[in-house]
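Across the two complexes that follow, chain A remains constant while its partner is chain B and subsequently chain C.
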Partner chain A sequence: MQQSLDKSKAGASRISLATREAIWAYIFLAIPLIFFLFLRIWPAIQSFYLSLFSWHVDPAKREFQGLGYYLEMLREPRLHRALLNTLLYTVIIVPAQLALGLGIAMLLNTITRLRSLFRAIYFAPYVTPAAAVAWVWGWMYSVNFGIINTFLIDWSIFWEDRGITWLTIDPQPFLTSPKQALFAVAVVVIWQNLGFQVIIFLAGLQGIPRMYYEAARIDGASSWALFRNITLPLLNPVFVFSLVISTIASLQLFDQVVNINFTDQGGPLNSTLTIALYMYQEAFSRFRLGYAAAVTVLLFSLILIVTLIQLKLTSRRVDY
Partner chain B sequence: MKSAIKFLLAASLFLGLSLAQEVTITYWQYDFAARVDAMSQLIEQFEAENPGIKVVQETFPYDNYQEQVAASLPAGTGPDVVQFFYGWLPTWERSGYIQALPEQYFDTATLDAEFVPMVQAAKLNGAYYGLPTAVRSLALFYNADKLAEAGYDNPPATWDEFLEIAKALTVKRGPRFEQIGYGIAPTGQDHHLLREILTRQFGTAPYSDDGTEVLYDNEAGLEAFKFYTSWVTEHEIGVPEFVPGNSGYRDGYSTQQNIAMIIDGSFAIGGIRNNAEFNWGVAEIPTLDNGVKANFGSFWMNGLSPNAFEDEATLEASAKFLEFVTRPEAMKLWLDVVGEVPARLSLIDDPELASDPVFGPFITSLGYAVATKFVDESAQRDVIVNAINRVVLEGADPAASWSQAAEEDQALLDQYAQ
Partner chain C sequence: MALPAGLKTLDTTETYQRKRKRFAPVVILAYIVLIAGSIIMVFPFVWMLISSFKDAREIFKFNFWPQTWTLQNYREVLFDTLFPRWFLNSFIVAVGSTASVLFFCSLVGYTLTRMRFPGRQLIFLVILSTLMVPTEMLVIPWFVMSSDYGWVNSFWGIAFPGLIPAFGVFLMRQFFQTLPRDVFDAARVDGMSEFGLFWYIGLPLVRPALAALGIFAFIGNWNAFLWPLIVAKTNTMRTIPVGMALFSGEAGTAWNLIMAASAMAIIPVLIVFFIFQKQIIEGFALTGSKG
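And then the complex of A and B:
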């Protein structure tokens, strides 16, 4: 008895402490990994499978469609509109968020008093429910009651009274105009998600050692040169992270669009429709889950391709 | 001691038997306080009448109700008896979410004779897929105080009078409206008003009787479309999205009092009754000079999901429950608690109900109201809403926009027929 115990002890000690720690680390890491595989990867594979069949509650009654739904996507004008809108949202929202996020972060980085107050103010919209945000903006954009048009009218009266008519601006239709609605929604998204970008950039800025700036200043570098040659290159990893995250979020845009024009989601005239909303409507208003699954595969591929291109083009290591 | 054991044995045997006999069924509807309350009362009565059956009511917000149903049934959970909008029947049936009522419990000929004509829309290929407790139709809600101020003692009976009153009650200051005469709401009930009411009044049925063909793409249909869009483009008695929000037209009418008239369903009565702090009235939908009356009828129906068919006991319990909630007594309770009008012919013949100042106009119109045979309610709604928006928001040519709508609508009908 005693002997065998000793033997097993000796066996155990043959695994080094480092290896044992690594094994435990792998075990702990495996738990979220299994979770991730089960809740993310497996459904993604399933949705590809579903996209090959017409939908029915009873799996035995699902009819094989082959690539039928993918061919249907080619002829579906509403999907093409959603695709175009989504790309438009992305090219408006992402650059605006990165530029404004970095600009505000740099301003916050230069002040020391009340910094946390300002940071909290900029972050507040990010943690406000999309429904509440959309509701308030819906009223601000209102043609007949909204504060923006009230301002435009008062502004125009002010200049008209002084005879300077070229400064007057007519009240705008905003969300009720198929031409303006997408931009109006994009402004809301930029405003709401800006706080997240600010926090990320601020953390990045604070990670850059002061001594680089001090050394460069002693050498007589201008502020622009400091920004161009120190801030931007050292911020690159943060920049790439922000770019990828905000691009993915824009490609998946759903909440704000759904909430801001609740009675005509994606309207007017499909002008604010996104791929994610289109997919949701096909699945849960029209019960075409097979086709909707094909749309998710499209969205997944789009995000994958765009992200890979972005990573390829933007990530480079910078060391000083 | 012996007798105690005997007693325990007997008691456990009895309990075991009664447990074995107990059937639990699940009922789903969307979350709307008055409807949930009415159904809870009905469930209580039903359980008292059927000791072996237990009914569990579960509700979900309207906005993700279909999503919940879509996801739960394939996973083997969800409702046995489920409430759904009649317009969803074709898409639900096609994907197997709803099954025909079994003939052994429901006799088609009896149902045909006992329910109001619009309930025919609960049928597919001659079989009933569910039954409503209540039905709804549309009517004109007006702000009697505002009409009186402008010198009108009665609500409009014709569309000419309607336009005259609406113009008198529209207030514009500079480029903006402060008050509108009519709450334009293409996504509210106006797409029904146009598709099912104005087309018929101008002289065309919107669809063929079998529901496979769009018929409104003709002179009469176009006149109806031009007439409706002229309310915005020519007569300026209202603008879309005047009051922002989910049902802005109703809020503007009932709470903000900056909309003088709206067309809405009987389901709006409860909310308006609670919120409106002015003298309000209900009138039948106006007509043209030809006097042709038309109305859009609709209903939420209770049907049986595949879960109900899993075993004989569940099916029997589900069918019993469905029969119970569509009895005349249940409909009376529903009218009192929810304010929706009954679906049985025997109840709408009630002269007291027909002369009620609020329910009257709805009851009267049930005789001729038609429930549009949708194949895909949400897509067909978009077709009409977009046709309206092209004209009122983009200034498109009405004839071209209307033809495009007919084409898109026909494509949806064809897609379903395949």
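And then the complex of A and C:
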């Protein structure tokens, strides 16, 4: 009797405790939930909605366009160029970053001295503002006064004087050439974000137990075999993370493109234009907010599809 | 006693291997490649600094070092622009955002893992789903919203998008998940308030994660460009990256001034980075492995 009474008492207080806990949980979550619903989810839905109307400051004067802006996107050559450029940036930047990042991380993993100094040097550009970095590179790329072309001229004179003409390189047009500008910008992005890949891969490499390598070495495996059969498979989760993060960042490229050619943003001849910059110009220079919203829906779909494909192709569990 | 002995042998083999490794040709080659790469990483900063000390005529000459070192460019940027004001704006936005990120992301992360209530999974999925939406998709509705509510050209307007990042919630959730429930249950039975549980027991246990998240938030907000460019309408409300970029756009071919402005935007970040580099890098590595 006494026992069962105790039980029911304990049961009652447990329920009230649980309710109390739940109420507090909702109180803690209230502000963040309002934030996410009102400033993240609602605007995302609004983007779809805005893309169906022509823009006017007065909501009453916004005209319904239906899918008109989406059809317009099909006919807009400048957008097609931006889309193509963005994909081109991604297929240049992402593999270069992953390969160089893994390579440097492996080098850092083989050395013992000065490792943290090197790590810091490679990582430093990543923390600096991309806008300012782009101006610095813009100055280095300057055709007539840039340090890169100055170096190329000095280099060529040096070898010409010694009669070895095949080593000479002409000064390059870089950002002023529609053919080279995109690659020049891509180099800046790779340079700036490489450090992030390096530390992610280095952390991954250091997480691989040494005994795997030692055991394989005893079995007589070559260095290449170690890399192929131990390093790569065990790095797979890190690799997927790096791949997805750097792809999403490349598809959203904006800061560097705007600042490296400030007077002709996206130029020359739209050769460096990205979707993000195109969207910005349509929305905030031409105030075609409805059309720009449709462009952001396109960018969103692109990121979603590319990420899903990447996850599908690369995710596999590895157990040893 | 067996364990320390075992550890000791392990240690000696490791030192032995390291000693042997230090002289291997592969290691020497690694150093050579790493040094060459480091030069490429560092050079743009060096060239920026050197250029910023040249005067308006010398910047277009081809000598590497300035013949006369001048601080005139820095003086001009500091006094002819609102650079100190932009610096203050960036500081206010970054500090305010970081404080908000640390408090709210850890509170949500804690609540979602260490408190029991209905709808937990749903709320987490709602927050997580916002990770899929790129900033570009939000800036237009944000701009419309900011115009409607008068947020344009205010600190709140610049800062609000970064106050509670979903990524931060995710990160903190991962960390709080690893803490044993018993500690919290015991303190709860002892009559500690729910907020006390979070503040006095939860938070001190995730300090490394807080450091990482704080650094992440500060750097992200300090360097943010797209949204501040849209929402900061007057010169006095610009942050450093925006103010510096628009100033450089006006400076045209005065590369000496542009490099001084760039240096003032970049060098403070680099100084802070090199002071805290160990914590910063480990923080980023941590977010990578937890993400």
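The working rule: the second predicted complex is superposed on the first by the 282 of 320 C-alpha atoms of A that agree within 3 Å, B and C clash if a C-alpha of one lies under 4 Å from a C-alpha of the other, contacts with A are read in each partner's own complex, and residues count from 1 in each chain.
Quick note on the criterion: a residue touches a chain if its C-beta (ideal position, glycine included) is under 8 Å from a C-beta of that chain, and two chains touch if they have at least 3 such contacts.
Every value quoted in this text rests on a predicted model; they were computed, and no experiment measured them.
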| item | value |
| --- | --- |
| Partners on chain A (chain B, chain C) - clash or fit | clash |
| First (chain B), second (chain C), both or neither touched by A:58 | first |
| Chain B versus chain C as contact partner of A:69, first or second or both or neither | neither |
| Touching partner for A:283 - first (chain B), second (chain C), both, neither | both |
| Comparing the two partners chain B and chain C, which touches a greater set of residues in chain A | C |
| First (chain B), second (chain C), both or neither touched by A:125 | second |
| Which of chain B and chain C A:291 touches, first, second, both or neither | neither |
| First, second, both or neither for A:304, with chain B first and chain C second | second |
| First (chain B), second (chain C), both or neither touched by A:40 | second |
| First, second, both or neither for A:139, with chain B first and chain C second | both |
| Touching partner for A:22 - first (chain B), second (chain C), both, neither | second |
| Clash-bearing segment of chain B relative to chain C, given 19-27, 73-81 or 181-189 | 73-81 |
| Touching both chain B and chain C, residues of chain A | 57, 135, 139, 142, 145, 262-263, 283-284, 289 |
| Contacting residues of chain A [partner chain C, same complex] | 17-18, 20-22, 24-26, 28-29, 31-33, 35-37, 39-44, 46-47, 50, 57, 104, 107-108, 110-113, 116, 118-125, 127-133, 135-137, 139-140, 142, 145, 147, 150, 191, 194-196, 199-200, 202-204, 207, 238, 241-242, 248, 251-252, 254-255, 258-259, 262-263, 275-276, 279-280, 283-284, 289, 292-293, 296-297, 299-300, 303-304, 307 |
| Residue numbers on chain C that touch chain A, as the complex places them | 18, 21-22, 26-27, 30-31, 33-34, 37-38, 40-42, 44-45, 47-48, 51, 59-60, 62, 104, 107-108, 110-111, 115-118, 120, 123, 126-127, 129-130, 132-145, 147, 160-161, 163-164, 166, 169, 188, 194-195, 198, 219, 222-223, 225-226, 230, 240-242, 244-245, 248-249, 255, 258-259, 261-262, 265-266, 269-270, 273-274, 277-278, 280-281, 284-286, 288-289, 291 |
| Parts of chain B lying in touch with chain A, wherever the complex brings them together | 64, 66-67, 70, 73-74, 91-92, 94-97, 174-178, 185-188, 239-248, 306, 376, 378-379, 385-386, 389-390, 393-394 |
| Interfacial residue positions of chain A with respect to chain B in the complex | 55-59, 61, 135, 138-139, 141-145, 149, 153, 170-171, 173, 175-178, 262-264, 267-270, 281, 283-289 |
